[in-house]
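Below, each structure is written out as structure tokens.
Here subunit A shows up in two complexes: once beside subunit B, once beside subunit C.
After this line comes the complex of A and B, so read on.
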């Protein structure tokens, strides 16, 4: 392998270990081939075994008919898709409210001004209560409780009421995410901002918050994904969103395929969001100081 | 005697049980550079943070141009706008570019317009050899460059006096020179400075007066030449001897 023309002092060194290097590369290639073969084989065994187990079970023919009926899928899908459009509109508008209101609650909790003590206390109670109550219960309470007050200026549309319940619940989680982000910014950043003559509000606005929000973007998006699914809880108040429509089809025909169709629609939105979170997190690890840009 | 720019009178500061400063008296005249030397934990950084009102003092007072700034009723934000401080760990804002770091103070604290603040910032960056780095983010800069940006950021607010808190202690040895060179330049221009430092050679060269802090009090003070060649107090002698043994002098 040696004897080829090299230039410079450094190149001469590479002529000696060439054989060793070739052997090492061959070994590495062999390891990679073996690894690929093993992973393919094990995947076939596991998935094939599972498929065999399910399709050979006694109840499979009837499960196949009630959960995976192509005809039922075809007839119900257009209506479910229309229902899902309502889910999308609802979850996007609730998310916007949550991002703003959650930030307000977080800022209330981090304030140290004495005059704002009641605000700070209220914010703490709010996050504790809202995170403690199951979301489905909150949807019930808001959805049936507010109309029962019979105050004409309060909303009565079940979609709006369901949205309010979800916003109340999720703002508490998101407020805690923001607060964790704010706490994670080193106090020396605040010192540096104050030293420039900024007020504490200005240093929060221009120095602490921009860094905090960047740092918590992945967990915020995670909450966004859960909200996207929990929008289905609004169905208990009656609006014809995807899950509700699927449920109606299912009970009319004793066939659960429409529920599978609805599930596929939710997955179609959450999976891309989850991949975005993964990418943000891996970028955050690579980039110095977790700054995501 | 003229009125000093900065005067510290009988300042004490304790963190819980620990008395960090026990009655400090100090004056910095206009265009003067005063160096604070002393072992780690002797109170140098705390004193600078107290002067910039980043820590609240317990007793005594600090005066800026004869006016008391440590009165409990006075507005700390307004005082900080008149002073500049540079930290050991730079504390640049990582989410902002170099230029944005420098214009933040003037624009937000002093209400200077963006165009004017940017012009002044570029001028300063250019002058201190950072002109081509204006649009980079701090993480892309070397430690020495970051600390020079931090100094420029403090200068951009046109401070009455500059407080330097061990600004070369976090730097690799080969990067110390460029930062000290900048401070030397500022001294030449007549900037009033209070400098906490471990760089004795630099203190000797730049400082008009050197104060040796020991256990929260100024154990000895005098002109730089005398402090380093003929210190009088045993604590000062011991401190300098130890540095000599560690080849840091």
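After this line comes the complex of A and C, so read on.
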């Protein structure tokens, strides 16, 4: 701004602020360069130091052989990948169930009618109990408990049972996320909808929920990243999913490398999901405003 | 800061491993010269004057009784005390610790002098740990509930379509895949309890475990079950697991050889495993 003001006044007048500005910019550039140099140097020192510390440790050769053996990686990877496909299928189907069932539980908990008190109470007990029990325990109890009843119409497939356990657990978390979203929508929205002649169910469906769900999309995705990893818990029931296949290789050859291979596969899915959440969160403000508009 | 004491521990206990990194040949020859004597005073054990032995918990029959390795009852408990005696340790000097199977082969210093847990010896595994000479050979056997198609099978081919459960970390799984070649993937459970539970729940038609375990389960644990048969062959040899290049292996092997030569090992085997070996062969 000040440069353009002086521009018309003559060459001599413009040089002084331009010099000052050039000096300021040069200083800024220098500071930026120095900052970049320092961050590069400190990164090299920290990472290099860590790498040196680890690779120079006495136990490193045996750790390298037991955890990072290329041979073990190569031989186990195709089978682990096949196992991972089972994880992906399980994850997607459980996710769909959780999205629907979690919403049902959340809606039960947000009812107001006095007659619906038992529904509210059951929903509250459900979320408390399911969030209170460690997921692995739930998988175990469902997986070994339900078949023990010997009722022919109940599922006996370990993958289905494991999926049920995960869905029970995650629906409770997701219900609470939905509820937080519903509660975050200002009551005036509901009042306005009712004033326009919508029934309370209609106002929930067409006014509150669309805004609530949009608002809680990032925490919902966060729960799904968590679910994506927790499908590995189903391994205790016996199906050959990625973690179990890796464990089999590990115990067969006394080498933990296959577990690293399995970890890489889980990371390959969770990291992109995490980036999506980050982006949604950084746009969160815009999205929320857009929803109200 | 925390790493410094860790390094000291590593340096002390992993000196052998490091020596082995340069050349495994030279380290084994130095062992031979430095540890010529197998007298108790010369043995380098984890805690001096004691023999620290690891096994998993729960410890199952017929290898241990009542989940008490210290009782001397059960095949592996008896074998351990016999070896300990040959090495010069009294019963009180044998200290048992719990070593989950999955951590028995972790790199780094071992907390036990040897681990006895029905562990099969294989060349791939020997890259990570030390093995003693075998003290037992166990064939695998198929256990099924009476009245199921798997229970009446008389050949391997008839087991092909059965839903089979095995325990992770056992050689049963590779036997199932290589010998039975089932049409559907076997289910692999964390431990013996879960495997047996799956059979009782009828989540699987049959389970494959080592023959003595199968016969024990049939007699005491799983009502209405039958041992369909054991796989042909002598089975896989079981060995004690030690740290890789442990100086103790040579002395333990000497003890096992002596026990075998004197017939003591055969007596122990007959006493504890005798009732659990008879099963029809499957082919």
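Everything that follows uses one rule, which is that the second predicted complex is superposed on the first by the 269 of 293 C-alpha atoms of A that agree within 3 Å, B and C clash if a C-alpha of one lies under 4 Å from a C-alpha of the other, contacts with A are read in each partner's own complex, and residues count from 1 in each chain.
Methods note: a residue touches a chain if its C-beta (ideal position, glycine included) is under 8 Å from a C-beta of that chain, and two chains touch if they have at least 3 such contacts.
A quick note: this is a predicted structure, and the numbers were derived from the prediction, not measured.
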Superposed partners subunit B and subunit C on subunit A - clash or fit: fit
Three-chain overlay, vertex subunit A: subunit B-subunit C angle, C-alpha, nearest 10 degrees: 150
First (subunit B), second (subunit C), both or neither touched by A:197: first
Most subunit A residues touched (candidates subunit B, subunit C): C
Contacts of A:97 with subunit B and subunit C, given as first, second, both or neither: neither
First (subunit B), second (subunit C), both or neither touched by A:236: second
Nearest-approach distance, in Å, of subunit C Cα atoms to those of subunit B in the combined model: 49
Subunit A residues contacted in one complex by subunit B, in the other by subunit C: none
List of subunit A residues in touch with subunit C within their complex: 53, 57-59, 61-63, 65-67, 144, 147-148, 150, 156, 158, 236-240, 244, 247-248, 250-256
Residue numbers on subunit A that touch subunit B, as the complex places them: 188-189, 191-199, 202, 206-207, 210-211, 214, 288-289, 291
List of subunit C residues in touch with subunit A within their complex: 3, 7, 10-11, 14-15, 17-18, 21, 101-102, 105-108, 122, 124-125, 127-129, 165, 168-169, 173-174, 185-190, 194, 197-198, 200-204, 244
Subunit B to subunit A touching residues, read off their complex: 49, 52, 54, 77-78, 80-81, 83-85, 87, 89, 91-95, 104-105, 108-110, 137, 139, 153-154, 157
